[in-house]
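Presented below are the structures under discussion, each in the form of structure tokens.
Each of the next two complexes has subunit A plus one other chain: subunit B in the first, subunit C in the second.
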Partner chain A sequence: MSDTFSFLLMAWLDPGLLSLTALGVLAGIYIGAIPGLSVTMAVSILISFTFSWDINNALALMVGIYVGGVYGGSRTAILLNIPGAPSAVVTAFDGYPLAQRGEAGRAIGLSTVMSVIGGFIGVAVLAGTAPYLSDLALQFAPRDYFLIAIMGLLLVSTLSGKSLARGIFSVALGSTIGLVGMDMVTAQPRLTMGSMELLGGIHYVVVMIGLFGVAEAFYQLHNMAKVPVKQNVDKIIPPLNMVLKFLPLSIRTSIIGVVVGALPGTGGDIASLFAYDHAKRTVKNPSSPFGEGAYEGLVAPETANNAAVGGAYVPMLTLGMPGDAVTAVIIGALVIHGLNPGPMLMIETPHIFWFTVGNLALANIFLLIFGMTGIKVFSKVVEIPKAILIPLILVLCVVGTYSINSNMMEVYWMLGFGILGYWLKVYGFQMGPIILGVILGPLLDETYRQAMSSVGDSSSDFLLALVANPLSLALTTVITLVLLGNTPLKGWIMARFARN
Partner chain B sequence: MSKQFERVQAGEKAFDWLLLLFSIGVLIEAFRIDGEIRLNSAGSFPVGLALVMLASSVAILFSHRRKRRDPRIRSARHEAEVFLHEHFQPHIVIFSVVAVLYLAAIVWASFYVSTFVFLAALFIYFRQGKFISSLIITSAAIAVIYGLFTMVFRVYLP
Partner chain C sequence: MFKPLLTSLAVAVGSLAVAGSALADYPERNIQGTIQWGAGGATDNVARSLTPHVEEILDTTIVLTNRPGGTGVIGMNHVMRQRADGYNLLYGAENPQLYPLMGLADFTYDDMHAVNIIGQGLVVIAAHPNSPFDTFAELMEYARENPGELRMGGTGAGGLPSTVHAMINAVDELDVRDVTFGGDGPGVTALLGEHIDFMPLSLSAVAEQIRGGRLKGLAVLTSEELESLPGVPPITQALPDIEAFLPWGPFWGVFVHQDTPDDIKSTLEDAYEQAVAGDEFQEFLTNFGGATLNLSGDEAQAYLDNWQSVTAWSMHEAEAETVKVSPEELGIPRP
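What follows is the complex of A and B.
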């Protein structure tokens, strides 16, 4: 027990580890906030020059960047409607309308506090239930992953405004873009139109920067003369009664976040989506309608995506399976340092597990400190005249896209997606569902084919498996209910119940 | 989603028809992967997605029946005029042309030179001739980009 505590507090008591964690969080906030720079990219670059470091130092910096980056993505989502990371896509739904009302300071302050609450709940769950959750995840079959991905995409379709058809089209379009390139199983080219350059696929960051950065820049050209909304950043620290009011919701969405984050292959993006949908369905009287600046719509995704960080570590440290893209990179770092992520890690090197738990908690403390400071400087971004901001956004998009693979062709693709995104935006399509489709499309394809192979490519056996297994049945039921809940049938059933 | 989408905007129907045509194109391309319909192959999922896109684009076109025409639009020709007026204003066209020229120039003129010219040109145009201050802002922006991306993050620039 004393060993456990000493490992848990190692990062808190060692000045070097303390500094690296603080530096990581601060850097992560800005990396996550700058469109085009991603936490995954930063952690990948870090591996190249930290492999000679002590493992604890390397992990402390990476944990800091991870925690700071997940939070940092929400700042540009609130201030500019450009999510810095996929996990902040949902934050923009209500965060940006709040900034347009001049309440960016309060929105950022509340998102900081809620992120920290979510982060701590995630760490507590990681420490307390890691073995149990990993056991459950171990029992998931490919069809269950397929169903979870379907559920995520279905939810995002329902979130995209009034038109379900537009939402479904966006998701399918995004998934199709995600499938472009060489098939990983048969090496057949898919949807490449005979182009050799498309064989490697289209990186989702290219699509994301195009749709969110360039499309937004073009869209903003319509409002060049519009005076930027003066942001009220004096009231950054949210009042205690406001925090207490949203505490029950934040606890519920943190639990959603940590559970979804623990599912391998998912992450903060899906967790925030689930949490937002939960808030939309359970909060009867939001502060404003959802999508128009509801604080509940900000609290739910922000707690969930930070709680998902703790969740993502569960399968990584106990099963050796990445919870999301960042933990996939961190697995690489552990392997480089001679460690064996998976069940044996808990037995052979338990100090790594407890050190990570303590380090995550420390990173959340620093998140609260850095998140509550420097907002005034940060919020000045939205007060920059559009005549200056719009050309700069395009330059940032070019730098961000080129830095992925040093490929100018991807920069041209980014511009193409930006123009497509502009027209889609003009005609009422949302960008979030397209991006989530791009990310989840390949996962959906892979798990569908694995699930079909497991039943000998028999469609009847596949359908039978969906209802024969308790977990699959539960997921299928949820999907059916979500689908029916968005059709006129729901209104008809509700009317019948009301009459009776 | 505000009420603005309750009315058919200028060019919206044409755009939705283009989406339908695009969906058909994706379906043809997806079908070509295997050359036949299979339940478990490289082409099965893309075909499924293309069918979803096709069905939803048909549903989008059908949804126009519940929408009202923009009262400003009286004829097809007038719709074209409204469309051009909304989306092809001089500053939008100039930004688009300069952006394309900038991306084309990066390869042979180097990143920093082309970015300087791009930013300076647009700042001067958008800020209506504030020449000196535009050049100062451009220089400051280039310095920040250099410091942040080359010195701190050490990312490869074009």
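What follows is the complex of A and C.
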């Protein structure tokens, strides 16, 4: 027990580890804020860099960058409507309208506090239930991931804005983009039109930067004359009663985040989508309508994506299996440092587990500190004249895209998506459902084929499996209820009950 | 009379000196290393743990970049299009040797120069501890009586499981449901949750799971039992004829443009040979479940040719549906 405590507090008491964690969080916030610069990339560069270091130092820096980076994606989402990372796409829905209302400072302050709350809940779940949660995550068969992807598709109704038909079209377009590249099963090129460059598919961050960054920059040209909103930077730290008011919602969305994050097939991007949907369904009287600057619409994704960090560590520390791309790279770092990430990690080197838990908690404290700094300066970004801001955004988009895979071809694609996104915006299409399709399309394709081949390609056995297993049955029931809830049937049943 | 002679002599000496200094100077700036697979994968792990030792020997920085996609086609294509000056290296796995066969690209490692074939991964056929089978022979027997019933994890056409499956089918018949995953990781996760019955995997991906009792090995793809996996029988016990294809495994190597000057090639070859042989890297590789090869020059070429011929022909004989062209048409000799 005393050992556990000393491991937990290791990062807190050692000045070297303490400052590395702080440095990581600070660097992570800025890496995360730039679209295209990702935490995965930063952590893989660190592997070579920290090769000769002590493993604890390397891990402290990586934990810091991870926590800071997931949060950092929200900054540009709020200020410029350009999410710094896929898990911050949802943050832009209500964060950007808030900034347009002059509340950028308040939005960033709130998202910081909520990220920290989400982060702490994620750490608590990791510390308390890791072995059980990882056993639960292993229960998810390919068919269950398929059902989750279907549930994800139903989010289109939440993300479409005014026109559901346009939303459905956008999801279909996104899924098609997501399917470009080599077929996973047969290795045949799909929709590549003979191009070798397209064999690897179109990276979803390329699509995201194009649709959100470039398209937004072009769209802003419409209101060149509009004077930027004066930002109110007096009220940055959210008052306690506001935090308390959102506490029940933030706990629910954090739990969504940590569970979705712990599933090896899904991460913070999908978690934040589900959390937003949950908020929209359960919060009856938001501070403003959703999509027009509701604080609740900011609380849900920001808690969920930071809680997903703790979740992603669950399968990594208990089984040696990555919960997402970042933990995959951290596993590589452990291997290179001579440790054996696997089911024996917690038994043979328990200090790694408790050290990580303590370090994640510490990183969240630093997130609270650093997240509250620089907000005044950042908020001023919104006040920069468009003639300066728009070229800057375009440069940032190009640099960010190039840095994903150092591939010029992807920059051209990104610009192409920017132009496409601009026209879609002009004709009233939302960007959110397209990204939803890009993320879910490949997941649907993959898991449907896995589920079908598992039952010997028999459709009847496949349908039977969806209700024969308790977990699948639960997911199927939820999907059915959500579907029925959106049909006239619901009103009819309600009316019947009311009459009786 | 003398003057022109002296001049030309001076020029000759001068140019020699220039050439000499160019030789001695390599590498005079950072080298770019392209990894053809994503961050956190086996190729990435090998590249990132070997490179710091090479940097020390060459006294330069090697900037590593992952360029994944298209089973490595994109990364390799990138390096082949760079200048042949030794400042662009490719860290690759075995896949390019099958590109023409699968119709993915018209190049293979024959179109590059092998600096070093670092090592080879061992292969184990793994199952969940609850599985009724303790050896691969038992599994084969069940599959013969119940064709098309067992679920085998795979990673798609040309991946390691499909190649091992093809080798088995070249000497016997194994009719199973092929469930494809995005890589070793998702496959192992499905195996841990008993969503598939067995999966051929590289030892590096499952060694820890077997040691921790979360998975068990049914067979290793060797002709003798492994010291590191006592009690797991060699596959030859179940299928003696498969010995003709062994030793076989996924491999990792470092490559440069074919037209790179010879002196630079040899500088790189020496540096990598020394780094791979170093104690620290050897310890990593053993821990990682790999076997050292450390081959360069003709030996490396012979290894690559043999690997290609064994794999291509076993896939062809098993009539794997992914084989677009006969190995014969591509000029790949029979093993």
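As a convention for this text, the second predicted complex is superposed on the first by the 481 of 500 C-alpha atoms of A that agree within 3 Å, B and C clash if a C-alpha of one lies under 4 Å from a C-alpha of the other, contacts with A are read in each partner's own complex, and residues count from 1 in each chain.
The definition used in the following text is that a contact is a pair of C-beta atoms (placed from the backbone, for glycine too) under 8 Å apart; a residue touches a chain by one contact, two chains touch by 3 or more.
Predicted, not measured: the structure shown is a model, and the values here were computed from it.
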item	value
Fit or clash - subunit C, subunit B, common subunit A	fit
First, second, both or neither for A:Ser453, with subunit B first and subunit C second	both
Touched partner set for A:Pro391, first subunit B, second subunit C, both or neither	first
Touching partner for A:Glu197 - first (subunit B), second (subunit C), both, neither	second
Following superposition on chain A: angle at subunit A, subunit B versus subunit C, Cα, nearest 10°	90
Contacts of A:Val185 with subunit B and subunit C, given as first, second, both or neither	both
First, second, both or neither for A:Lys245, with subunit B first and subunit C second	neither
Partner chain in contact with A:Arg101 - subunit B first, subunit C second, else both or neither	neither
Touching partner for A:His351 - first (subunit B), second (subunit C), both, neither	neither
Touched partner set for A:Val335, first subunit B, second subunit C, both or neither	second
First (subunit B), second (subunit C), both or neither touched by A:Lys425	neither
Minimum distance between Cα atoms of subunit B and subunit C in the superposition (Å)	9
Doubly contacted subunit A residues - partners subunit C and subunit B	183, 185-186, 406, 449, 453, 457
Contact footprint of subunit A on subunit C as seen in their complex	39-41, 44-45, 48-49, 51-52, 64-71, 73-74, 77-78, 102, 104-105, 148-149, 151, 156-158, 177-182, 185-186, 188-190, 192-193, 195-196, 207-209, 211-214, 283-284, 287-288, 321-322
Complex contact set, residues of subunit A against subunit C	40-41, 43-44, 47-48, 51-52, 138-142, 181-187, 196-197, 199-201, 264-265, 315, 319-322, 325, 328-329, 331-332, 335-336, 338, 340-345, 347, 405-407, 446, 449-450, 453-457
Contacting residues of subunit B [partner subunit A, same complex]	1, 5, 9, 12, 15-16, 19, 26, 29-30, 33, 39-46, 49-50, 52-53, 56-57, 59-60, 63, 86-87, 89, 91-92, 95-96, 99-100, 102-103, 106-107, 115, 118-119, 122-123, 126-127, 137, 141, 145, 149, 153-158
Touching residues on subunit A, where the partner in the complex is subunit B	31, 37, 42, 45, 161-163, 165-166, 168-169, 172-173, 175-176, 179, 183, 185-186, 188-191, 193, 218, 221-222, 224, 291, 385-388, 390-392, 394-395, 398-399, 402-403, 406, 408, 411-412, 415, 423, 426-428, 441, 444-445, 448-449, 452-453, 457, 459
